[in-house]
Amino acid sequence: MGILEVKGVNKRFGGLQALGDVNLSVAENTVHAIIGPNGAGKSTLLNCLVGKLIPDTGSVMFNGQSVLGRKPFEINQMGISRVFQTPEIFGDLTVLENVMIPCFAKRDGAFRMHAIEGVQNERQIMEKALAMLDDLNMADKRNMHSASLSRGDKRRLEMAMCLVQEPQLLLLDEPTAGMARADTNNTIDLLKEIKEKRDITMCIIEHDMHVVFSLADRITVLAQGTPLVEDSPENIKGNPKVREAYLGETA
Amino acid sequence: MDAILVQILNGLDKGSAYALIALGLTLIFGTLGVVNFAHGALFMIGAFCAVTLQRILNLSYETVDPDKTDFLGQPLKVKTPYVESWFGPDVGAAIIDWSVPLAILFAIPVMLIFGFVMERGLIKHFYKRPHADQILVTFGLAIVLQEIIKANFGANPIQTPAPEMLSGVATLMDGVVYPVWRIVYFCFAALIIGGVFAFLQFTTFGMVVRAGMADRETVGLLGIDIDRRFTIMFGLAAAVAGLAGVMYGPINAPNYHMGMDFLVLSFVVVVVGGMGSLPGAVLAGFVLGILESFASTTWATTTIPGINQIIIYLVAIIILLTRPRGLMGRAGVMED
Amino acid sequence: MNVKPDFSKGKNLAETAPAYLSVWDIHAYYGESYIVQGVSFNVHEGEILALLGRNGAGKTSTLRAIARLDDPQITHGEVWLDHQPLHLKNSHQASQLGIGLVPEDRRIIPGLTVEENLQLAQIAPPIGWSIERLYELFPRLGERRKQEGVTLSGGEQQMLAIARALARDIKVLLLDEPYEGLAPVIVDEIEKTLRLIKEQGITTVIVEQNAVRALELADRSVILDTGSVVFDGAAAEVLGNEELRAEYLAI
Amino acid sequence: MFGLDKKDLTLLLVVALLTLLAPFILNPFPTGSGLAQFNAGYPDLMQRFVIFGIFAIGFNILFGLTGYLSFGHAAFLGVGSYSAVWMFKLLSMNIIPAIVLSVIIAGLFALVIGYVSLRRSGIYFSILTLAFAQMSFALAYSVLTPITNGETGLQLTLDDPRILGASATADGSIPVTNLFGLEMRSAVNMALGPWNFTFSAGYYVCAVVMLLAFYLAIRIFRSPFGMMLRAIKSNQNRLNYTGLNSRPYTLAAFVISGMYAGLAGGLMASMDPLAGAERMQWTASGEVVLMTILGGAGTLIGPVLGAGMIKYFENIFSKINDNVLHGWFAWMPDGIEDLTVTLIHPFIGKGWHLTLGILFMLVVIFLPGGLVEGGQRIMRLFRRRKATEDDQTKAKQPAE
Amino acid sequence: FTNEPTGSSVTLGFNVPQTGPYADEGADELRAYELAVEHLNGGGDGGMLGTFSSKVLDGTGIMGKKVQYVSGDTQTKSDAARASAKSMIEKDGAIMITGGSSSGVAVAVQGLCQEAGVIFMAGLTHSNDTTGKDKKANGFRHFFNAYMSGAALAPVLEKLYGNDRRAYHLTADYTWGWTQQESIAAATEALGWETVENVLTPLAQTDFSSYIAPVLNAGADVLVLNHYGGNMVNSLTNAVQFGLREKQVNGKNFEIVVPLYSELMAKGAGANIKGIVGSQNWDWKLENERGDKYAGSNAFVKSFGEKYGFPPSQAAQTCYAQTLLYADAVQRAGSFNPCAVAEAMEDFEFDGLGNGPTTYRGADHQCFKDVLVVRGAENPSDEYNLVEIVEVTPVEQVTYAPDHPMFAGGALGSCNAGA
């Protein structure tokens, strides 16, 4: 029984069957990669997990509780965080503030005014956020406007925002797309380190096979909305069907 | 039954005014992303084109009539319009009588040029500024235009009557009569709306502008001078607003604040129609026009007192709460 | 490394421009931030140039500056294409002079079908390949001609973006990360297309994070770092130069 | 001090000083002089400055922080005024209960309208709030006349019940609003040479309330709550996927700013016990939007400046007539005098709208950040000049 | 008392709409005020000072003090009007406030003046409430009111259209509209007319088509438009558009009545106004057509016309008269103290201000005088002759008891002299 159980999920967009009967089980404390051709439905699947989309049929269980029908913020409070394909950060706020906001949320998600207290009074939260930034080597940028960060830094910041919440399940949608090789390698190292340090499960979508094979414990190949195979990285690499449909001669 | 029919006609008529203004507003908003609070002023300027033409046609020379006296007891000066002396009293009077339809010809170039100048001179610089700044600058412009008109024409309404031939009532059915000019207005609105739609739908200009609405930069990358087309678009929107104003004159006498009277309403119409949607704006115009007409019947006002006062806003609230982006709005337009 | 063309004496001397596309010492800003800090390079007719560098090095900004988009703003420097001063033009004029940019995120226009996206490219002169010929090159687009462009899968969108550039009579094709987010099979396919395009005699500048693939394709390479050129030479030279690869490309 | 950092504290103290000395600052011209027309230091206008300042500060908490542009805020001001006047009619002429009630009622009203309107964002939200306000206005003007007294506006009368207090004074007039006996209308005049300064009790009450409101606004801006609101403006989508429900925060901001508006309305009624329906019309809502943008949205002091600017034009420019102009330019030769007056004529008196419109355009074209940006530019210029002066003096110093 | 004039001059506050739909009316009022000030200070030809029955004013200002004035903009909004009036009182030291062209504003400013302790001389305000339930000891109205319109119109309507009529009312949905509708309905019902329907129309309405259309089928043969200003111009225009004027119902010609008329409205309504009956406080042709009883009219028209080039409106006349009446009352009282002035004004009988013999009734501070019934001219000889006088209803017929139910509620209170 995995921490995340997806059963029989279907999703149609008009005439297009984006997801057809997807079953997926992600075991605790593993990295599960989802790969597949463009338009296979990978992002759609992720959207169903975080409440951005509601599947037509099927069930999504997280830790034995159903995710469906909950609002995005409720799902997040259950312990699922997501890093988007294009960085979603608070561009008008400083880097430090960006990381503090999820900390306020973390407390239990309840509405709190704090209308009179000064931010500096919330010392322990600030310190926690700073520590997180330190972990990601971004402490020196803490007072920068986050909109003016470079794309890689934005992605790192977004990861910090997700990690500071200490989620049980971290979803990453093409975290290294368009990232320079050096940064890609840094990111791989970072994710590995995090996985060692904390009890965390990760679900990662990626087209860069270097990333996939460095990180994944298990790989699901999605094609035209349905899982083609699910196997260990080694077996996937050798699978002729996957080579033909997805990897091409590169792998 | 007849009463219902007449109210539907009234609704269509009101709706065509709303739809025409909202159409122009959406053209500017949808293409250029500019919240144009001066749009009502454009409508008003259109109406005053008709007033101006009427004044020009009525330019007169004075002769003294010794038999009559004016209010101070002096001999009365009788005015004869030049057109009457040039073309003879009959033709001259007919020209004056037809001043509103003639004003269409006058208003088209005036409004186009006005729109071009406004876009090139002012709006152009506000494409990238926040909507709040656009509101402030266009509101300021609206006030300025309004005050200029007021300084020249006064605050009192000025009649611009329809030609004699088109000003009576038409019997549509047994017992159902309706003012001819209102029918003309409706047809005119339908023509303009149809024309704008056809222009945008069936010419490449339309395709380019639709593309420009979605992504200015990429359209520029394809070698298309989108700025020029946007300027044309602004001129077109101004002309649509202006023509709506010219033709509205005979229905209600133009005054300098008629634009402000329509402004808020036309924004409501555009938003209820859904931001960025031309058909939505037109549909919302007609829906609200018809509902407003029905809400003002005695039956409605006795059932719910005051319903006629609030119907448009009430319907707007209901529509916006049930349909997140108005009737036909596109996602992501002005939602943040 | 670079010879400054002597543009100072007017039109005739413009013919002294040493290359087909000459970029001379351009400096460009996004508002207050100084991003392109004096970039110069030459591209000769018919060759493929790979423009490489880390994230935030200014590659996209350089391409956008050449294509004369509103942002970033060039404050200094000159760009000449086939004896025409691009730096004095705006984006649609540059396009009419023969610049074809395939932007970073493809920028397929929403609301328009595949065919309309192509028609749009053929409104302003000069017109290049006919739409039928493009469908021959990309049969997948021909099959989907009535489909709305943005509903295409990522790879097809990339094809459409390239086709849209070719629909105009371009002299230089600027490609910004054509492989990003694409499945490996599709990457292979696009690479084939680029070779085909080169055979047609079109000059190409390609920006790509997948440096090895880009270098294999390219004749020459320019490497950028923090907005200025740090290397300009043959592509093979980069592949052979360990130091360069490690320092700027991390491969 | 007060839990503020140094910069904010300086700002607060400067504002406090300016408001307390306003009767002097706003009356720079001797009473008899021609320019006395430009004096704004009389009680009613000073009260208006600070009351609309409060209104705009509150509006800015919503608009400046969350980016939600409400086009119906005047409704809360109107509701506040009506509540206060009813309190005067029924309970007592003391302004405290009236203001408390107006804040509460406006808050409740905002809660209901905000709850519904905040289901949508962007322009859709703006139009929802506009629709609610216009409905309130239309109903107040007509159907609800028994409560609002319609067109005429709700006024005090000689036969109001007034449980704690007399219906009428001994000499048969309506009692005056007061703060535990301190009458709002009372004022002290001080003549200093040709100058005449008026210190009005009402103004100082308003000023103190405004300073409290301003202080509270600073605290809100700098609090975690304020940060959360800015996060909402910046990227609501991200906030949702961060486990925060943005609705309670926006609603809280909406209600707080509604209460500010109610406070302004209550104060307005306390200074002048009348409540008219026009206070709820869209033009009134638009006015506070303009005040905020004109001053500088999202800045602390901007909205107050914007409010002052618009009210100044409305009250001072509208009162300048040709007669006054002739008075000013009487020293010129007749022909030139007439010409000057003719040239200025369109912009004053009944043309004050024109001047205001031109001002809006000039400010927004040349000062994108509003009046505050204007101030900043001047400061920068000043600093730069000082810096270069310093450089020069340094350069002149011989090296030792 | 408040703003006691200490120097050699006295300041009056003219608070008129300078922006908004009534700006033109406000401009005309302001012209009249300026003229009045000129005459009070001994300038010009003296205007109605020469015909005024009271002779205490001698062209040396008021009580020897030169008259100065300040002007402000009411914007036809109670709030703005009060702000403007307050600034006149607090900043400019105005001792009397006058002006306005709507009842809402008049009532609001009247209340303010009562509280502040200055005299308010109402401008154009027609609602019964101004001197009815909202009357104030410091406020005075020269203009006629809705009740008087009804009382004056009724006999003429009977004469013109008979006493077997079915009337359909369209009424502006606010207090002035209601009081006028109530007054006209009462007066016409007394004739035997039937009120078929009373439909309230929103203030902001610009297109009245959906209110006019049902009239066609309601079996009514008279339409009463209880609208003013732009509302009236539009509703009348729409009614004419729908062919109501040419219509025959029950074998009778369909008729339209506009109880409150003004020259500016007639101008705005253009040809639509032809033949439409209504009432007015005064008309510039009054003395010419109805003789010496209305002395003063011609003198006023002459000085106004010579100064501004066109004849004055009824609003101008009422404002001019109010200024003179105030000055006269001060002069007679020998003091600027509002209480003394009010006492001098109360039950004052005068003549020669254009309206014939007039009384300022002490009980409610309302002037009683003849009321004009007018009709839109069929063939105006010039743009100033848009209305023709049908009848002048004598004062006795329009007088009512101070405790008439339409004016009940509210109390005058006692005069307030302020600080």
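In this document, chain identifiers A, B, C, D and E correspond to the written order of the chains, with residue numbering beginning at 1 in each.
Operating definition for what follows: contacts are C-beta pairs under 8 Å (C-beta built on N, C-alpha and C of every residue); 3 or more make two chains touch, one makes a residue touch a chain.
As the structure is a computational prediction, the values presented were derived from the model and not from experiment.
Trainee: Indicate the lowest number of steps between chain C and chain E, counting one step per move to a touching chain.
Mentor: Counted as steps through touching chains, the separation is 2.
Trainee: Both chain A and chain B are touched by which chains?
Mentor: In this structure, the chains that contact chain B and also chain A are C, D.
Trainee: Count the smallest number of chain-to-chain hops linking chain A with chain C, moving only between touching chains.
Mentor: The fewest steps needed to get from chain A to chain C is 1.
Trainee: Based only on mean CA positions, could you tell me how far chain D sits from chain E in angstrom?
Mentor: Using C-alpha averages as centres, the distance is 35 Å.
Trainee: Cα centroid separation between chain B and chain C, in whole Å?
Mentor: That gives a centre separation of 47 Å.
Trainee: Indicate the whole-number Å distance between the mean C-alpha point of chain A and the mean C-alpha point of chain E.
Mentor: Between these chains, centre-to-centre, one finds 75 Å.
Trainee: For chain E, write out the residues touching at least two other chains, lowest number first.
Mentor: As it turns out, chain E has residues touching two or more other chains at 23, 173, 200, 202, 204.
Trainee: Report the complete set of touching chain pairs.
Mentor: Here the touching chain pairs work out to A-C, A-D, B-C, B-D, B-E, D-E.
Trainee: So in the complex, the part of chain A that touches chain D is made up of which residues?
Mentor: Within the complex, chain A touches chain D at residues 50, 71-74, 76-77, 81-82, 84, 88-93, 97, 100-102, 104-106, 109, 111-119, 121-122, 161, 165.
Trainee: Using the touch definition up top, name the residues of chain C that touch chain A in the complex.
Mentor: Against chain A, chain C makes touches at 33, 53-56, 104, 151-156, 177, 180-188, 209, 211, 249-251.
Trainee: Mind listing the chain D positions that touch chain A in their complex?
Mentor: Residues 3-5, 216, 219-220, 222-228, 230-231, 233-235, 237-245, 248-249, 252, 256.
Trainee: List the residues on chain C that touch chain B in their complex, please.
Mentor: Of all residues in chain C, those touching chain B are 67, 69-70, 90-92, 95-96, 101, 103, 107, 109-112, 116, 119-121, 123-125, 164, 168.
Trainee: Could you list, by residue number, the parts of chain B that touch chain C in their complex?
Mentor: 204, 207-208, 210-211, 213-215, 217-226
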